[in-house]
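Next come two complexes built around chain A: one with chain B, the other with chain C.
For the complex of A and B:
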């Protein structure tokens, strides 16, 4: 007998494990979609997406841009009458799609998230200039020039650090991270 | 003098240095002692949760442990750091297994987190611990009815922490009113500015920021006050690009609420980090200095609210 969990079960189990509420209580009212400030840019509304997960439409869900467009503003969360942690659902889908290496092409989100993590592991703090190559080439020439102008403005006002910041006890910090993601590629590359 | 463990967060080191300077200046003038955490690390921001939630909790737990070592409650001016630290604290107190796992990792830096302290956003410390009435008493330089739009943004208000008001909180307005400025009423005060999408989904971010700027302008704001470095960067540093994208002509100063509060408490613009804006705040400073202009309407007003 096939006991492999369905996509719907996988997603709800992931949410249970990380303290999120499951999505089985969704009444498909659409309050999330009506509240979402980014909904016009999503190819499926949050309500749609929940319905699609419950229908086990795995490929369609993972191919959707919806969860990468979530701004983590938590507006849907505070209004959901079923108290579903919808933002956590979007995080769960991001994690799931990164693990499976299955997400829509042409999105900056997945690369950016990984670049960000590597940056933190290398110095313990955030350093904006390191992030630029993860996205700047996706904007086309005009976007590139606009971004360069904005960056120059910030530089002239002394708002961009020249050197990446580093915490003092960086070795301890990296060993601490090693406990959480042992022998991880991310830690290896950071060193 | 009440003391807090102060966690500035990465943005305040450079990009939002004026927030750092003005936060400390306000604290000093309100007789609060802010002790900066020793060797704090990045809180993980929103990008971390996408990859690894456990790691994200661990990063915030290290900062919480550093604060606990000082036996002080933590205060942070960054909305993102606040949300992460607050919910890490709640989660670790609720989940003993997770706390044990993370404490094993913290041992590498001779740290341990028992969960004895609280996490506050700077706005909460000023509005609740000091109190709006007390701040009002200490104002030496009224902001002359300057029309200030209080921008709450997302992560100070949401997710819900207890049973607090999340649809129409008023404490930011009250704080602004205490400085002698006029808080602007506008609908999008808690709508996301799109800051977290700035890099990954720029079109969406610009559209959200445009809507917000337009809504504040339509209701007669002369300046928008923020309590989050991400919002400040999105609304101010990208204002020029937003103008280009939509053929708009926004020229709205976006200041940290501590810069305005600091002026009211008698600090000089220099002490509050003025001068690093990409959208000039000179009109704001002129109105505060010049009482005669106080009765004139904002030059940005498009149509009066009926």
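For the complex of A and C:
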């Protein structure tokens, strides 16, 4: 007998410590998708995605753009009648997807997420001048110029620090993160 | 002292035997001191199991019996009767719960066996100290109190009154009839609600065996099954009911108009002196002192001037009446979920969002619009109507339970809207639940004939903020149509929220008043959810209708009648035997400190001034044990719970050596 956990079990396990109730309690009412402000850009609605996870449709879920488009507004969480932490489910799927190195081509989400985590692990804080250029060319040259103009403005007003900030005891912090996220290979790289 | 104890261990099929090694257990029990025989059997509660015990009592001369099986809650009475049949006093029997407290709570066979041994050892030690007791026989007062004059209470009252017993029907509002009187049609057959209800109201109002106490509330309940004393506060109507003929002139002449938030659900007006609706029973009006011009400003008295019989009595005060009853039926009903708690549905903010009771009044031919379904502006007929199911129900943010009536109610609304306006109707549902007789037929009928669009999805929000063309001036319902997996925005003119049922806001206090329990949702708790749905854990107090949990009219009527049947059965017996578990004071040890006197929740303890000691009235005592614990001299003993019994049981439990085990992971 195959004792490896199914995709559904893996996702459930990864969500074990979240605030919400397990996704097995979803009644497929669609409150989340009805509420979602960015649902029109998603190829599957959040409710649909929960159904797909419960059906163990791993490849279809990992090929979906839904969770990369989640804006983390947490409106679905507030309204969910089953108290499922849907926004956190989206984060879980992002982590899983990066962990398995399996996500749709051409999405800025995975690149952004990976850059962000690496940057946090290297300095302990977010630093926009490094974060932005890493994925900004996805919008083409015009997009880059627009962003650069905004960034310069912010820099002049003192809204963006000139030098990357660093926190104390970075090693402890990295070890801590390594315990939490399965993408621990990133921790190694960052060192 | 040599008692002969028989120990019987039940397999309960695989319920116990699947976890506990019953053979080893019965072998071990056979070796205990004083145990004459120990046996295990598949089902002790079966007639064969009981015969086994009876045979042993007679043939082996057992003087004590211990059964290790389920909870005493379930089968203590069964085995007590079994002992009685074999000639053994039923109180010389003891039960050890090795199902609820052992096999159902662990899968670990080692600890299960150890704990079973401990419980049996405790029971054996205790049973030796048990004393033979005789039940206390008391008379039953044939009068009955029914609290709540909705359809459930009316049904119960009529059944009991027809059986020839006297009923006091207490209702908080000015008229009986309850929520059903507010409805226009009733599902699934669309009977006119008033047509089927008012004859029953009239019967209840005129029945010689029914004393109607409307505009009244129960204040105090004392006593026990068969002998309750009830105090009821009759709020001042400011109308002398002996003179009033119910002509309605006072109501006509009253110049003060008030929004009726109770009967008309805020949709219509009433006067300051009023009967809630023309068919009200009793016909006597009540005066709303908060809004009466005379009471607020000191002038007016129009009602008094015009009353042809001089029945208006501004000086009338609340009256507290007291009477004795033998049994009580609670049928206190429900409150509607307050839709304001879900701000995204816009109720109370967007004018044309209605709750279900408001729509009932809107569609009622006797309602404020004469049955015309129109928007709040009072003229516009809606072209499209959205009906939202499960509002406040099946939602952990509000009420987690299903309110049971909303699906059918929403289908009824869909039909009524279509019939009265021809509007396009949308039903937004999560699941359609039509489980009772002819209910699904009604659903099929709506599907076939009414052109109602069914959208499967819980509505995310109702808004008046137009975003797309065609949405201006409309209410937009934003929802995921889960069957196509797409978010939709559906513009409509009117939204009806099918709000759920909630326990009465004061259900907890009422439960306390009558000495019964409330569930976590605050519905009254029945004795057994399946097999004893109208009795409660308090003898002589019954529950019926929605106060016990959400249900529709047919089920409420059924429960009302069921509770009445239970009461009639009890009253017919004329006497009831009470458990002889009672406290008694040892006069020689009593110092007369009177600490116990105020502790007793049943007022059963009185102080004998001449003897200088306290005394307990065994008929009032319920054996709760409060005084036993309170007595500083240890002068009070609770029979069947004596110190000797409890201490020896603890000793017995501790005698069994429990093995070391790992800490249970949190």
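As a convention for this text, the second predicted complex is superposed on the first by the 162 of 191 C-alpha atoms of A that agree within 3 Å, B and C clash if a C-alpha of one lies under 4 Å from a C-alpha of the other, contacts with A are read in each partner's own complex, and residues count from 1 in each chain.
Convention: a residue touches a chain if its C-beta (ideal position, glycine included) is under 8 Å from a C-beta of that chain, and two chains touch if they have at least 3 such contacts.
Computed from a prediction, not measured in an experiment: that's the story for all the values here.
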Comparing chain B and chain C in the superposed model, the one touching more of chain A is B
Tell me the contact category for A:100 with respect to chain B and chain C: first, second, both or neither.
neither
According to the stated criteria, A:166 is in contact with first (chain B), second (chain C), both, or neither; which is it?
neither
Considering each complex separately, which residues of chain A are in contact with chain B in the first and with chain C in the second?
40
What part of chain A is in contact with chain C in the complex they form?
21, 27-36, 39-40, 44-45, 47-48, 79, 81-83
Where on chain A is chain B touching in the complex?
18-19, 37-38, 40-41, 68-69, 71-75, 77-78, 85, 87, 91, 94-95, 98, 107-109, 112-114, 116-117, 120, 124-128, 131, 134-135, 139, 143, 146-147, 149-150, 153-154, 157-161, 165, 167-169, 172-173, 175-181
Chain A partner, complex, touching residues on chain B are 10-11, 13-17, 39-42, 44-55, 58-59, 62, 91, 94-95, 102, 104-106, 108-110, 154-155, 158-160, 166-167, 190-192, 194-197, 199-204, 207-208, 237-238, 240-241, 244, 275-278
Quick check: in the complex, which residue numbers of chain C touch chain A?
344, 390, 394-397, 430-431, 456-461, 478-482, 485-487
